[in-house]
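Below: a set of structures, written as structure tokens.
Both of the next two complexes hold chain A, though its partner changes from chain B to chain C.
Moving on to the complex of A and B:
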């Protein structure tokens, strides 16, 4: 006994090319939708992971532009202002502070990098406190510095790969005529640390002649600390800028939101075009089967049955298109991510596209929902066909 | 027992400003077990009358009763939902052009009425019906794979599958050669005589009309020659 859905499915097979092209349109729309929604949640997660991996909730920098501070945290920065190292003593007395780690960023032009040279960045860290804040850092080779003032360097995985460094190598600091001995190579962490050269901050102060100066201090606070109130309190210190990680997250997120809204708009337009295609396909199919539908009604099919029959065709197209689109999105996630990284070079490390089962279900649901709405009109048209009109259109006799 | 009763049944069309009376005040009663043939020239109104009696079209005047249920009276037709039920429960339709669904097999075409009203009990009927009509070896074929005569037999099987009280056939042999026409005429006569199914058909085929117990000639939408005779 044929079911309504079986009749609908067989009818879609009648015009294979037309059904295939409609299916392709829906699949591509679903692919775009899932990739963009996956990008939205993947980007947020990567950004959060990157910031959480910093190991501290508040960053104190010398007074300046907060975005400069944000850039400093995410990608490193240059041309920064300094604050006195004595700020560490003031911070240590604050009851909210659990741990502190001083940092000193330095950058210098290195003509030996690549064909035209590039900026070489060094991050001065405190071997006593920094490793305990970045507990995820593991060594592929070697270990942290032998003492707080040693002219030594620990290199992130990507930086070591790029410059082909090994433990025991010497790195020349351009312009300064100082060599740093590589004592450790880090494993890949999926964070900005992979591209960083770490040096004891006291040694870096000496190399760059900025003794007693820091560019930032990372502060880990006790649990349940009111971070907003603590920030306010820190502003009592002179010439400092306080940046909380929550603030950084929201600032970066809002910067990216405009881009996200734009791409989502494009996705919505793509979906709408696909849905117009669905409506056109089903409507054509209804008009071509005018007599058939009339005959079905003469056999006792009600308007509701015909509506269901035509709507089933839309459901089949949208469901199949949604599944194929989801498979495309999952299969081509790496390619899509490369494309997004090309468009947004300063994006967080880690997977930028996060496609999980709930997202796939939600996206197929959206496609199905829009598809069903676009199927209403053709289904309604079909359900209104009167058997006699359909028969008369072919019999030609009164 | 009277299955269909029409009084002053009319159907008027407007063609531009001109009013066309396709069926003009027909009084007719069809009893259970009858075999009635409508004959007449093209445009005489026989097909329109068949459609009106089969609840496929709405009259514009008169009254129509099918199995004691008023289908049309006082210028008002029964609600579409009720008409759908009557079409399903009372009638089986056979058309000149067969109207088989090309994507469905012969078996699926025969069972098509039950796609909308599931009734697993009829599955065993399909073999009986197919056997009676010589279609048992064609059940898995598509319509394009069978002959015109077989297509019409599939259409008859489809009309029979829901065990209708009345079969309405509009030029059932119109698309067939003389040999196939005789086959179809035999089948219809057999359904009437041996299964007691009431048959109302429209035909230009003189031999087929002669199988009917009652031949009604129409002209200009009116009955001009009701002729009762025995087969």
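Moving on to the complex of A and C:
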């Protein structure tokens, strides 16, 4: 005697197209759900990695608005303000400070890019302290600068690819007509450094005529330092502004919260549509088999048997739909990520969608739960069919 | 129906793989209208030496160029973006760009060509040079108009000399090291186009 689940499976196969379309609806809902939950996980992790990779917990910048400071740090933005280099001496005396690294951002209009020109950015760093802060940076070719004032450049992989540069080649600082010798090409790091041109900050000060000036100082503090208290202390320095990494994280997170809420709402709507689809399909199926169910009951099938049979159909649809949806989410993660990157105002460099096994299981569980709830009503109505009435009429009313 | 669904899925899955394209037009709609004013549309295709013939094809291309592909970034797996321009239902021409190593940075050398392989326009989407203005001037770029790959056959990109129309192109900045790189970029572009457009 066939099992209830085998009969349920056979019933679904009898109406292939309808079953396929329902399955497709459930799969798409699962895909959306897993992708969005994966995005929530992946975005947070990539953002944390991006910020942790900066190598310092506090960034001191010249006074300006906090959003400018965050932009400057994350994207090497414009609107530069300077602080005196002497600030390094004041910072070095602070007991909380473990390491310091001075930085100087410079941006210049390069008319040679495209038809209308674009901004070319240079990051001045200290060869003595910067590499120890960014330990994840590795070289594809060459090494860091030969001395702190050398007219040399170390280029991120993507910038080197765009400029077709190798160690020993020259690059030109637009507008200034100054040549810099390429001494190192970095390996791809998946961070903003891939697109950066690093120059010794002393050399960059000379090129741009901003001797004795810095745009920022990266500060690594000792373990167990109270960062909030330290930030307050730093404000005693004149014309500076303090940006902690936690602040940057929360600023960027708040920027994308609206987008997250919107996409989660879309996901909920998609799930509700799938739920209604499942209920409709099973109800239609019960309606069509009204007489058949009546015969089954007259031959000894109990209300419980009928309930389990109809419910099993829902379980099969949701389980298969959930699995197919999970496969879709895994297979199309790259495409989904590209779409998200296109929409979001700021995207960290790492993987934006993190789909792991627990997430897949959890999502299939949610879809199964929703499917089971959707299947209760049709299964209940089917189990209440009266055999005599059903046999007498070919179609029922539910 | 089944075939269409499979084809769509394959396209969706492959799209991210093709997204890292070497030398695209910054603004294709605008650039196509500018280079082919009478055009009615264009089609973008992604071509690759590796996929279309591998090392034997690369050897053929290098032979015609007269130089080896070299460096970290001139490799067999570079994807090339080819814009086929339409006027009504017929092909009006092509737009194709290549990256070429210059003295101070990467050059992006774009050519628009008619259906016989003659250059109708040449321009730099990107050029890092001390003589940008001279190279971008129409008095320089116009010299390439009407030339085809045959005109470059007698010009050696390694010796940086030769005879014929290509060798007689006037260098607006004598002694400047980007000039031979520009000629190599144009010749490389034409050699690749000969394969992509299947010109004999």
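Definition applied: the second predicted complex is superposed on the first by the 389 of 398 C-alpha atoms of A that agree within 3 Å, B and C clash if a C-alpha of one lies under 4 Å from a C-alpha of the other, contacts with A are read in each partner's own complex, and residues count from 1 in each chain.
By our rule, contacts are C-beta pairs under 8 Å (C-beta built on N, C-alpha and C of every residue); 3 or more make two chains touch, one makes a residue touch a chain.
Keep in mind the model is a prediction, meaning the values are calculated, not measured.
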Which superposed partner A:258 touches (first chain B, second chain C, both, neither): neither
Partner chain in contact with A:171 - chain B first, chain C second, else both or neither: second
Contacts of A:211 with chain B and chain C, given as first, second, both or neither: neither
First (chain B), second (chain C), both or neither touched by A:236: neither
Contacts of A:14 with chain B and chain C, given as first, second, both or neither: first
Partner chain in contact with A:160 - chain B first, chain C second, else both or neither: second
Partner chain in contact with A:387 - chain B first, chain C second, else both or neither: first
Touched partner set for A:338, first chain B, second chain C, both or neither: second
In the complex, chain A residues that touch chain B: 1-4, 6-7, 10-11, 13-14, 291-292, 295-303, 305, 387-388, 391, 394-395, 397-398
Residues on chain A engaged by chain C in the complex (per definition of touch): 110-115, 140-141, 160-166, 169-172, 174, 177, 179, 185, 331-332, 334-335, 338
Complex interface listing, chain B residues touching chain A: 13, 20, 22, 42-43, 45, 47-48, 51, 54, 56-57, 80-81, 84-85, 87-89, 93, 95-97, 99, 101-104, 108, 111-118, 120, 122-123, 158, 162, 170
Residues of chain C touching chain A in the complex: 12-13, 15-16, 19, 26, 71-74, 99-107, 124-130, 132
